[in-house]
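After this come two complexes, each holding chain A, first together with chain B and then together with chain C.
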Partner chain A sequence: MKRFPGSDILWTVIWISGLAAVMAWDSAYLNAPAFAQVQEAFLHSMIAGVVTVVLALCFGWIAGVALYFFEQRRSGWAGVLRFKLDLIRSMPQILGLLTGYVLLTFFLDRGIIATQTGQLLWTSFVISIFLFIEVADVIIERIHHYAASDFVPAMLGCGIGEGRIVNVEILWRNCRAHLLNKAVSVFGMAIFLQCSVDFVVSVGLSTDVNLTNVPVTLGSLLAKIDSKQDVLAMGIVFTDPSYLPNLFVRHLQGVSTAFVIIFTLLCIARISEGIAKRYRL
Partner chain B sequence: MNGRQRTYSIRISSGRQKLVSVDDFSLQEGKITFLFGESGIGKSLISKAVYGLLDPEELDVTVNGEDYRLFLRRNETRAIQQFGFFVFQEPSTHLNPLLRLEEQLREGSLAGAPSETSILSRLWDSSSYRGVTDLLRVYPKPDRPSGGEKQRVLLTMAFKKIALLKDTPSHARSALYVFDEPSGNLDNHFRDQFLSILCEYHRQFRFTAVVITHDYSMITSLHRHQKDMLSAIAFREVFRKHQRLAVRDFAPSVYTQWADSLQPAVMPRQLSAPIIEFESGARVFGKTLVISKDANGTSPCALSIAPGMIAALKAPSGTGKTTLVKMIMGMSATARFRMTFCGEVLTHQMPRFYWRKHLWGKMMTMVFQHADEALNPSAAVKDIFHGLAEPAIRELLSEWFPDNTDPGFWKKRVRYLSGGEKQRLNLLRSLSLQTDLLILDEPLNGLDFESMTRVLTMLRMNQRKAQAVLIISHNDDVFDRLVPAEQTYYLHAR
Partner chain C sequence: MKKIVAQHIAGLAAVGTVFFLLSLLLPDPRLHENALSMDALAAQTHASAPLGGMVFRFLFVYVAVMVLTYYGAQTLALFRFVRTKQMTTELPSPIAAAGTFVAWTILSFLLFAPGYVIVYSLKSVVDTSSIVLMIVLGVVSNGVLVNYAGKFYALLMNESRKGYVQTAAVKNVHSSYCWNTPDGIRMRRMFRLQKRFPGHVLDHILHNARYQYRSTLKEQASFVITGLVIIEMALNIQGHLCYELLQSILFKNYDSVLGIMFVIFCAVKITDLAVDLWIWRADRHYANLEPDEAISRQ
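What follows is the complex of A and B.
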């Protein structure tokens, strides 16, 4: 443990090593088309997760800072913005995402979104709409925390702009650790939501939209018939433990997809905890 | 009469970070050593190392080349602790929250000391001594008693310990009594009381003591009231030399002569109209703040400062001096006030936007009292001067930090600077702005002598450029000489 400066670094190493081990194992024992699908699904999920984080950070930052300034100026827009944020907060994330997929089918039908990249971006956008509140809450809390410090009025008194004080001096210089921690947890939530919803979507959302025309992700790959059989095979182990070794050679697609999802979520939770511990958040 | 000199070479580090490295820290046995130096430079750490208060598990410490664990086992160190006393800078850390103050005053060896009544009555205003006895029945909590009251209790404990020397005079030399910023929470009157009691006991017992302070005005007080004691006092100053600490003798005459040379700041433009007139009677938190030119507050008047004039605002702690200057700066949201600034009438109803757009940093600025809180701890030194060109910043820094040759200082985070360095940056940021009005809240706090002189020189320069200055300071020794009596205002809360 002492080799690593913190458990966040340790768990990042464990995560990357674990994924590398799964990929190495799959490359040896999983058939080439299935392996290509696992890789593609993993890549799509990660890309969507990262894009979600970037969008959530941008939206959260803008919303948090805007709310602070509206409140400072006692503007009526503060109430409007807070109402909108609360409205999004009150909506179950999973329902929101399903609504986003309904819209996606509409866009696909009309040819408004034609490429896989566009579909992934749309998915990320929809997830970020329901996750940026988390970032906005951190931003607002941090601004209020630091606004009570003397350095804010001291800088104002020296003619430094309030925008710079909030964005640079408070958020950038003092809150990067908080935001990094939130970004990691948003990434975890994005992966979880995406896998859950993709799994649900794969059961059937529209007669025109199915797994063949939506980019494959870990969630949708898990819902494929082959993967489902692999997952069901895990149940056999409970009645026949001698079947266990077969899981790692004959049912790799479903098993490795399920493992990657669970392992990723576990590692991200641990990384987030580690960051909180390291920076004493 | 003089005892031997104890000299210490001390190294303290935490991991890779060097905290203190000093070779020539010496204490004269049987004398009181006044240890000056800017805040945060390492005075307390050095004294704690000598007293044996550092934790060798937490810090890497050597004293005279010896491992700290061995130093702690030495008979000399044990005697220092057994017969001596350490008054901490932050009194809350010293008092046991599970014991009433009166119990702590009679705890352990203090039980055998004479009664504390006479010391307490001198450290408190004797007219309100009944309140002191009530106070002694409380358990110390973070917010009660106040910092000043806790400090007085601790000073009383130290004096009781000293009084024990009556029965064991041979311990006077081996023991060590350390007073870390003993007047940090006291006003000038009680600071003088403390010095008076300390000197009285020293005349009796000739013990070894260290008084850590950055309040150079103690020198004037000692010269004025305890002249006979000067031969039993050593004045020393901790300073930074090539990234290391060094201790040198500080000639008190350097300070007294400098203080004597201070002349009232004379207005260069006698006929100028006031730049600011703040009306007496502002209201905040249910209190009315009355400004007057007489100490009793019988004839209220507006606080009026003309260009090129230095004015002072005086009041006991907690009256609302800082609140009032925040009103002038338009930073007190709950206040009700009225003032004329540069011919424009400003009230609490002016939108914040107006102050931000027209006044802050352009026509008025303020140096906040606590540099620790007034600077962004995560900002680098260069970031403090946002808006100034790099060559200008470098020039200012080389002038105000002449001993700092570290090329990385420019990028050093504020949180890693000493308290004195922070205060210099805090002042420099506002002094360099050339606004019409400059407000200084305790500008000399935590500064060493050189920095104090530098601040006053810069104030004079700004004054010549017609800057109006309003000062809040408990350092009467300096500002009573600098500010003409007719420019001294008193604040009363009613």
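What follows is the complex of A and C.
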């Protein structure tokens, strides 16, 4: 039984509607500076997420295709590349991200990265380094899947280059649904990692650099003392349920930021699941 | 097997060498002009004394979370799979379907909540330094359980579409998914550690799906450890390994940073090795390379 024939579309609509509802509520009950910060944080997080996805797709595509051709030609580079990919896969993402943030503080200290755009691009780059492996895995798996099909030797016989067959015929024409699904899940993962790291490094990663100049994201906004107190207030509801309505009026900054993070992660996961169902991946 | 072990040891050696070289290159915090104050240094020295205990505690929590997530993901996915199969034969009423959708969405809010949000919302209610809380948070927060249950569910669904399932049904292997009927599923078996459904096609579906899921355990290990590091850092309690890691980064105590990072990397790498050996053993079993063992299992 298919209860939701297009659950990816349904969840996309739910996500956008939910965010619109939160913004409408915030515009009515949250003070203007805090509301501006929530909007800015959301925008920065989304931009960083999208940039991460684009970079991860590019790196994953290059790594996957390169590995395939190295293996085809029995090149020694295949072993080297696979070893490096395995090494990145074994490295917990959070450790890599922390290293990236330590480098960011170094760059800020030296004035190498001065603009907020540069800082966002750097964090997206670091996150994509630890997420492109998933894209590379999909690409390798898909190429091997289609390489066994009849059309590949037929096209080779017609004189079409192997590069074109792999990049255009296999990956672009036949694997867009897989790549779209992976892109959505990478986006969710990027948002989760970025918010988490921004939250935990709010205490600072260097005694020389003040991270208050770094662009505000949902994670760093949640780490601010006002938001932390708002989230702490959620615990009061467990002992005093009558306090619940106050959360939606008096503790709006932290509660709405936490809600946007969780709601986004939930919807992205459901959208990815819906795409997998739609294309039977 | 030797090749698998050698690959992992090479990986460990490569990262170990990089860390060692970095520890030689990075400056000593005591020589740095912005070095930590004497009080902070004393606090660091005091805190780093029981480092072994912190490492042991962290690894214990990690192993417990991995085991519980493996069990939880299978149980949750199996339950969802059986419910899906039941709904193909008996359509639930629209109200029941809507109720399930709303209940599952609300539960998902908890399961998808990042650990640090749950930690801060509970900080005034429970003792956040408790090891039990760490394990519970490691399993239920950050979307770990729900993501991996989703992956296991997808494997179960894929297996259930294969031809051998229909063949088994034709050959009178039990294939009803009703609860507690003679040819159906016994509910209490779903919650056992060793989930077996003898005489039922689900036993074969589950066995094959579990075999495919093993490679996901490597990805799960990396994600679980990321979640635990985030939770420990967010808890901000002295005596937790990752709090010390954050403090060491802040005060440029790079030897300590590299040491802790290497321990965490080793934990994931050893898990990878164990999973690869497990897969290798299962592959040999399926390829009938160990006839004695295969016969003894039958």
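Everything below uses one rule, namely that the second predicted complex is superposed on the first by the 273 of 281 C-alpha atoms of A that agree within 3 Å, B and C clash if a C-alpha of one lies under 4 Å from a C-alpha of the other, contacts with A are read in each partner's own complex, and residues count from 1 in each chain.
Please note the rule applied: a contact is a pair of C-beta atoms (placed from the backbone, for glycine too) under 8 Å apart; a residue touches a chain by one contact, two chains touch by 3 or more.
Bear in mind that the values here come from a model prediction, so they are computed numbers and not experimental data.
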| item | value |
| --- | --- |
| Partners on chain A (chain B, chain C) - clash or fit | fit |
| Partner chain(s) touched by A:Arg173 [first = chain B, second = chain C, both, neither] | first |
| Chain B versus chain C as contact partner of A:Thr115, first or second or both or neither | neither |
| Comparison of chain B and chain C by chain A residues contacted | C |
| Partner chain in contact with A:Ser242 - chain B first, chain C second, else both or neither | neither |
| First, second, both or neither for A:Asp150, with chain B first and chain C second | first |
| Partner chain in contact with A:Ile160 - chain B first, chain C second, else both or neither | first |
| Chain C, chain A and chain B - angle at the middle CA centre, rounded to the nearest 10 degrees | 80 |
| Least Cα gap, in Å, left between chain B and chain C after the two complexes are fitted on chain A | 5 |
| Set of chain A residues, in rising order, touched by both chain B and chain C | none |
| Touch list for chain B against partner chain A, complex | 326, 329, 331, 352-353, 356, 360-362, 364-368, 370, 373-379, 383, 386-387, 426, 429-430, 433 |
| Chain A - residues contacting chain B, complex | 72-73, 149-151, 153-162, 164, 169, 173-174 |
| Of chain A, residues touching chain C in the complex | 1, 3, 83, 86-87, 89-95, 98, 102, 192-193, 195-197, 199-201, 203-208, 222, 228, 231-232, 234-236, 238-239, 258, 261-263, 265-266, 269, 273, 276 |
| Complex contacts: residues of chain C adjacent to chain A | 7, 10-11, 14-15, 34, 36, 87-88, 91, 97, 101, 105, 108-109, 112-114, 116-117, 120-125, 142-143, 146-147, 150, 154, 218-219, 222-223, 225-226, 229-230, 233-234, 236, 245-246, 249-252, 261, 264-265, 268-269, 272 |
